[in-house]
């Protein structure tokens, strides 16, 4: 049972709810959101009437949720969650495209990609600066220097930046730079990291673990939301199966399954889910046709020389073609792409001169 | 190396090619197609010049193929294979939809479904009469009686019928009834069955095994083609993974991968690949967006009372909605649905009166 | 519910049981075994008292079975099934070892391997003559000629022979030669083939499909048993997973799981389950430690030149070492190896002279 | 190439090696171990003669390693690594058993289990105090209080304690209590955490991720070793597959594969790898038969009332039976269990009075 307090309900009213919860041998879990406080009553409470809580002062509503995830569930929040990511909406009718290189490799590289993907129709810029590489001997990212380059790219193009965080200790520093945190597949069940980004108010692009079930993904997202940060974007990025023709297997089923189970926006990453630039456009289109709320793709000015993930990176030219195709499919399913802010594009062009 | 003989090349010319192949310590594999004979030279022949064979009488062309599958490969046949299925083309720009119940349950049921899916826009009718059921105690199908009902449905609606074959001994009898054989997932590597349908000239709808790699699927299709039957339609129907939220995991990546590797038509079966009628339309659209050449879906007049696969069967109403959505996506990717033969629809309406 | 008739119960008593079953809206499934007839009452019969059937003439016992597989279930047959395979028992305290090449390649090869594995301690000889190969262009086996060589090897060594059957049409011919049929992984759900071997009285070594669940394997074995052939040996041979360090993943858990669920003997095939001769002995020992009732391994006199599966084949020397190690582990878990029939070994030595 | 410096080689000699490495366009990776410094030359150095480095002052040896993991590889360290864990050896001929509850639930619970498993033959005590639970609303562990109870149990029984660490921030505090860190499956690729435990000198029990390949596991262990901590114990704990009869699929193949590829000790956790106490003893025996260097099992005084993982926990009685069986198998494969320190057991009995 989730007990939703009125906005501004004083602490003593919350405490009263907690006392009532514990009186019924349940445990109380207080979630302090930006706008209001929610108290979860965890345990087997199906025989306790909702009215007991509804009658308490400060209580706005009480919801029973049978799913193991609560705040992420459509039972808790019936309508699609829509929220802003620096200038455009995520989760609404219009679909944003997030693009950029796997790793920020240099100032020149990220500025070049940023400009190219913006011109081709991207809405946000991705780029890794702390890379969770399989080998400790591989390139581990440019760190804070890379963030400065990304900020410069944002200034030149007007695109918000999405950057992966891999350690709790980076969060404070990174918050000064990024518009959205990315949690990568390897950290999907790094619960300390999830709680820590949950305590910020920065949106989180949350990737599915490569062998996580859809339910585990939703449970893990609950760590972020229950810490108070409701702006979570779920991202299908392929799962590990026996098939070796592609790097991962895109779980396209996950798109409609997630859209049914949760109110959170759901996007698709066809670059990681295929691992091969030849298939990225086809799977981007498939994702949108299946109901995805957005796309994240890897683009590199020179894929053959990328430090990481070159094989799956589109050239800017191929990306531009993909954007057109995705737009057509989006319109065929009654949606569209997020319109580009023309004035910012103009600014970027100036800056590039 | 594949040595393609001129149409009508006499047997002695073929024999001369075989002698030459064996002279180089390769083994010869003769494929007698409807139109022409092809002789495969199997073994490590990369150091043998093509010219040796090109110079022999009756030889039209010689192709080196590095893929382990030969006749199914795009290296062997560069352009998409397009062939007729009783009145419409498969593999071309226009997409057909095959629909019908999992099992033929009764005359009334199959006639009702056939009429409903035809009205909603289906091009071919599916229906199982020999069911490979997990349990020997489950309903095993109506057998030849079911085929007679299907033929009646074909007469009333004008739709060709696609029926699963599960045993070599059924082939002769079934050929008198069906327009296309279906090979089910469980029989994808039942090589005797594949060879036997390969010896007929009836088109084969060939489903991927639930844990077969894409390469294994193509190798298995080679059993059919190398026996002389080139009219093979590949069908992605979901693979087995750890995810339990859906019955199978649709391997959407397989669509563009197959389209790159083979010239054969590739269709998608969103009913089996999801196992849940709620997700069928989303995945049908995704399949077409990813490049599928057709769709096969299960439709039942009363899914809750279906003998098999009710959970994944669409109602005729839901199917009609899906057809409209799929048409829009097909057009968005530069294709369309196969046009319906209006006159036959009229005939059906008469018959139904 | 399974209604077990007295041995020799006349047909009219069986018919009376069927009438009673159908009176309760269940369907009757008659299983005519060698010794007695069993009538399965399939459907939801949980509210029908057993006594109704127990009171009918000719009925020996009535059992409720909640598992979806019936005759394979330990609920149906509490104690381990033990049966003879030409001279030794399978399923008892003592463990047999089945060894031999993947394919019978020539008379010399099979006689050499047979003698070598017999000397090293094998109890039965395996060897394929109809090979279900991934590619239609690969060696497909020696066919009936290979069976003749196997029979000669049996005469020289005294070992029964186990040979894979891949088509219904081969059964009649093969029955004249083989002591046990093998059903391979690719045919685990080839239900026609299962029913057909079920109609023989030849023991069946039944391999798990590479992506079959344990429950599906038991359900499939039910096709054989319900056709009247109760002498089924289950074989774990590895499943398909994401791990590529080995050809398959040995599902060692399947050994104790199967031993709990079924009374049938359970053996392990460490050659296919690892795909690498370096690991075969370790996994053979693990299988016996986990409770396996037998082992099947591939042995080839010259693995580097084997036509198929050379990488996973042991040399006769390595096999002899493995037998000693397996014996020690078998004894550590309170079992032992089947004793070798010394007199037959003597005969073989004579024949070899 | 790994350049191993003489113990005590001064920093300027190390620097000279680095200069030489970079002269050849490779990058240098300095690993400061307890005893000696190793400098990895990362990049394509196969054409650079070893002699160039061998000639430099302070260089003891130079090794080429073709595996992507270096320090974990048997190419780097040919013989099995053996190291002490507070009173007994890990990685040698004798096998230790680590036992205890999933979670420390209370002082009484952990003292009771510790005493029981010690009496039954355990060598080390496990118990979680920070639990990475799928749901944020589940019990998350007793934290530092739990560590104090574990220390009390260690004092009473003489067993070293192994405790999972889930966050970098816990390491400093935990080091004061634990004898070995455990890295859980969900954190196998939490590279920051790996580097951080790598900077300690506390042994690390390192569990395989549930969908990690063997190679990825070894690469991840390299993060710990390359940070200077060579005392890493690898633990197979089951992988995620399609099979649902058990919680995970024990990858028994991984035991001999790992023993071939790495010098690190390899243990098995049959509790997590099966998820069912009925199968734990069988799989523990299988693991030892396959070559495992140790066992870790969950034991709870009252599994039915365990807060977590009750289904897979052995009772102390069942654990005692398992120890006897495992001992017999260990002896059958030429090994044995680590002898129990009798005097400490006596002390514990006193303390318990």
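For clarity, chains are labelled A, B, C and D in written order, and residue numbers in each chain start from 1.
Note that contacts are C-beta pairs under 8 Å (C-beta built on N, C-alpha and C of every residue); 3 or more make two chains touch, one makes a residue touch a chain.
Every value quoted in this text rests on a predicted model; they were computed, and no experiment measured them.
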Chain whose mean Cα position lies farthest from chain C | A
If you tally the C-beta contacts, which comes out ahead, B-D or A-D?
-> A-D
In whole angstrom, what separates the CA-based centres of chain B and chain D?
-> 51
Euclidean distance of C-alpha centroids - chain A vs chain D, Å = 34
In chain A, what residues contact two or more other chains?
-> 211, 240-242, 244
Okay, in this complex, where on chain D does chain A touch?
-> 27, 29, 40, 42, 68-70, 132-137, 166-169, 186-187, 189-192, 195, 210-211, 216, 219-220, 222-223, 226, 240
Chain B residues within the chain A interface of the complex = 211, 213-215, 239, 241-246, 249-257, 260, 273-274, 278-279, 282-283, 285-291, 325, 328-329, 331-333
Name, in rising order, each residue of chain B that touches chain D in their complex.
-> 211, 240-242, 244
